[in-house]
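Consider the two complexes below, in which subunit A is the common component and subunit B and subunit C are the respective partners.
And now, the complex of A and B:
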């Protein structure tokens, strides 16, 4: 499978540099801080508040993980070389996306120590924890797909990172804007708001429309990335 | 250039067309999925799912119902109310829910006279019901122990609006009772939130108990009723009427006792003193032992007590009619007594006093022709427990609401069991906090970073 060849190469480049470790380390430290402080202050064996903060952290983490994915290939001129091989654009894009997603998943897996801590203290309700992790992984997947797309639109890593951060933040705060609106405008703002979609997961509700929303963002941006790569290198 | 092995995009127009089709299909899928809502509630007691009873109520709706909820964004209880209301909105095409933060829209809050968060207005045409925070949440004795009875309150209000059924509760007036507009205004609000319509009734003016009375309540009379009024009440009770009597100690109630004695009880003219079970050592506010009965079930389940400030005792007479079942509700300690000298400067147990243990209230049930029993009356020695200062003590409000619900209940009354939501809590000792903090904030993240530094260092020195 050509996708896996790209995936392995990309994953190796993540873990051969200190980037992935630093990002995961800082992310774990901040998540751990939120987890400890929320548990000590509320004394409740729930992770709703932790997931909410971890979700917001993704707005900052996703640009760092994705900003070099395709910009590096373009700026170093290796993309053209890649495209002359039997690998399709889809293989390149999906392989790179899956590599970034794997790094994110590794960081997430290490946070499973949080529910383990809760289990040692008592009997938490596992429903909201399971849905919380589901929502968190989907949210991460969506932000990474946006980052991937942004990295395909420019040669500059900083610009790609800033654009990803901007779009991620916009999807986050549009939910706050919804509270000020009325009627259809409010419905639309709520519909596209990542916060509104993510919230249900935090409280233990798995809604197919919320799951579809995140999968749509992932699919749309992965395919848009393919189109952006083709456009930049073909026309 | 190949997108996939099988798709080769040669022209710009092909590329754009492909992108537009893809995005359009994804948007359509989203619209379709949001219309046909599929969801799974994975919480422990399915707190965000509607019961079959509520679905039955929703199937009866054939006109639009507007629900306006005034909640504080970000609060846990507000979120719970919001999630539940969303379920109502998704489950019925006739229900339209509007969530409003009163702090952000104070003019709307003023328009609906909102005084607290988690207030819900349910409107159908010109009629409306107002549910307050206390109608939606019941708090237990332990912090974090809370029952959410929002579904019961909302479904009941909707049912009342669509069937235009109003359970009217009459508060007797004209004997120095506190007004439901002033002294007992909070009680009135809670009852309205429960779907009742509280009204005032002056028997000397009306001449009868109105036909729509679901219950009459006498709260703390300063004076006894007249013989004529007694006859009206007797007639009402004989015809199947129901009564809640809350005494105000310190006066002889001959006419009332003539009614009660017919059913095997009487209200004593004394003041209960309980040195053993006083509320915060207040001997005149006994926290009596609660006995098992339908009216006390909820407070016993939650390990709540009822505080009776300034109460008289209620006792049984020698004779009880065959068709009446009497259940004692609250009993004081054996060291308590009923002080009969109400003018004394200092209370002390003496020969004229009634020795404890004393009963503070009875529930009376009537045996029907089918040999079943139905609620008939509740007589308590205390009215101050629902006064402004005592209403929210311990389980006072919950007991009062349960009593009214029991008295008004019929086979057709909608009741949805509250969803208990005890969030598991933990009290961490400093050592636990240290371990928790060190592990999650320092050790694990540092291990990951050190691993990265090691790999980077080794590769650098290759």
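And now, the complex of A and C:
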């Protein structure tokens, strides 16, 4: 298994440039803002509103974290190195995915200071906070998988980023659309909406079908990425 | 040993390589020549398992690259046309990464890295960022990467392009140092360069094999032979036996054999025109000729293209030694 070789290389490249620091920094600053403003205005020891806003932020953060993952390998010609050493496409794709996911997790772990802060001033209900984090991590994982796939479809980082952003936002706004629709169309919109799925987690509901929804997106896009890499390079 | 058997590669409807067959024996340094766009890089990418051929097989020490890519890839060190480098890494970091990718572990990792740094003359730059290195050093890092893990087979795609004459000399002597216990295939569009390093040469043009042998053999053949391309129906063995008897005939080489249609090249002494005799001989055997054309031009044409580049390099070298 060469997954870890690719993983270490990718993680290193995140932290050797200002990329990971900038993304995590901005992400913490904004989520910190949401947390404090919501806490001050509602005076409630819950994080539902914070998670909702942090989720929407992922629509912007995921493209930035993933847009260079495979595009850079293609445009720098280093894909030829990876594919001619005894490393499988699966190793490359999964290694890169895990690296992006790790950076995302690092940022997320730092936001654990919010619930800890709540603990020092009262006793919040940990149920919704735990499910909220579960949903948030799954949502991030799904957006990152989409971004990884987009980076395998083009040589251009900006295009990969914009496509990821577009798909992420579409998954988000289709939930708003659902509220305006009726009947079958509403069911379908609700079914594919990331917001609808995500909201359950925020109110402390851990629904297996919601978990499955996100895991399916992750697995599907990771495998699609493998196919995209093979298709681009091997034919 | 590298065996390329009837390899054909299409990009969409464009043929990049057509029915290429040749063998590089163990310990041999083979020069792979052809003008730009002849299909050299494509062939090398197929050998290294980067892309599969449309048809045909490649065997690396008897291992089919398509069927067992992981084992085949372990035996090959590959330097692509543009060295695949991570600009934001130092030379040492990069080589350690390639060790990881090639599965070189533990104490061997450090030893291997230091060994290739030594061979490639990179001692001075191990801590520098690759992005800041000169073209010559980048090329050497690319070569060092190919040497990691001490693979028995080296595939080097235009290892000297873009280098200045002094660097060209260095890379050449480096490759010469490696020759002997390694099987090397090295592509170039400059004949003298290949001549200086390789015992054996293969020339391709437009994806087809034009000539193979030592440089002297090839140029001898150019001077003493003419060649005709024939497309006909019939059995190759029978045809070859009959045609062999024609006076002045030197060799008959089959190119392909598809759906009863046979393609072959007929080579004969310069100055004789065997076309009439060929026609009657074939007619007598009942083998209709579908197509016949002199193809002396292809090799000559290629040779001219390759040798005209010679002067550029030679004057370049003179400049370098001034």
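By definition in this document, the second predicted complex is superposed on the first by the 235 of 235 C-alpha atoms of A that agree within 3 Å, B and C clash if a C-alpha of one lies under 4 Å from a C-alpha of the other, contacts with A are read in each partner's own complex, and residues count from 1 in each chain.
Note that in this section a residue touches a chain if its C-beta (ideal position, glycine included) is under 8 Å from a C-beta of that chain, and two chains touch if they have at least 3 such contacts.
None of these values were measured; they are calculated from a predicted model.
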{"item": "Fit or clash between subunit C and subunit B when superposed on subunit A", "value": "fit"}
{"item": "Touched partner set for A:76, first subunit B, second subunit C, both or neither", "value": "second"}
{"item": "Which of subunit B and subunit C A:212 touches, first, second, both or neither", "value": "first"}
{"item": "Most subunit A residues touched (candidates subunit B, subunit C)", "value": "B"}
{"item": "Which of subunit B and subunit C A:84 touches, first, second, both or neither", "value": "second"}
{"item": "Partner chain(s) touched by A:233 [first = subunit B, second = subunit C, both, neither]", "value": "both"}
{"item": "Contacts of A:56 with subunit B and subunit C, given as first, second, both or neither", "value": "neither"}
{"item": "Partner chain(s) touched by A:17 [first = subunit B, second = subunit C, both, neither]", "value": "both"}
{"item": "Partner chain in contact with A:5 - subunit B first, subunit C second, else both or neither", "value": "second"}
{"item": "Angle at the Cα centre of subunit A, taken between the Cα centres of subunit B and subunit C once the superposition is applied, in steps of 10 degrees", "value": "160"}
{"item": "Where subunit B and subunit C come nearest after superposition, their Cα distance in Å", "value": "7"}
{"item": "Overlap of subunit C and subunit B interfaces on subunit A (superposed complexes)", "value": "16-17, 83, 88, 233-235"}
{"item": "Complex contacts: residues of subunit C adjacent to subunit A", "value": "45, 48-52, 69-71, 73-74, 76, 78, 80, 82-89, 93, 97-98, 100-103, 145"}
{"item": "Subunit A partner contacts - residues on subunit B that touch it in the complex", "value": "1-5, 9, 12, 15, 18-19, 22-23, 26-27, 29-30, 33-34, 37-44, 47-48, 73, 79, 83, 101, 104, 144, 423-428, 432-433, 436-437, 439-442, 444-446, 448-449, 451-453, 455-456, 459"}
{"item": "Of subunit A, residues touching subunit C in the complex", "value": "2, 4-6, 8-9, 12-13, 16-17, 76-88, 233-235"}
{"item": "Touching residues on subunit A, where the partner in the complex is subunit B", "value": "15-18, 20-22, 24-29, 31-33, 35-36, 39-40, 43-46, 83, 88-90, 110, 113-114, 117, 121-125, 127-128, 130-131, 179-180, 191, 199-200, 203-209, 212-213, 216, 219-220, 223-224, 226-227, 230-231, 233-235"}
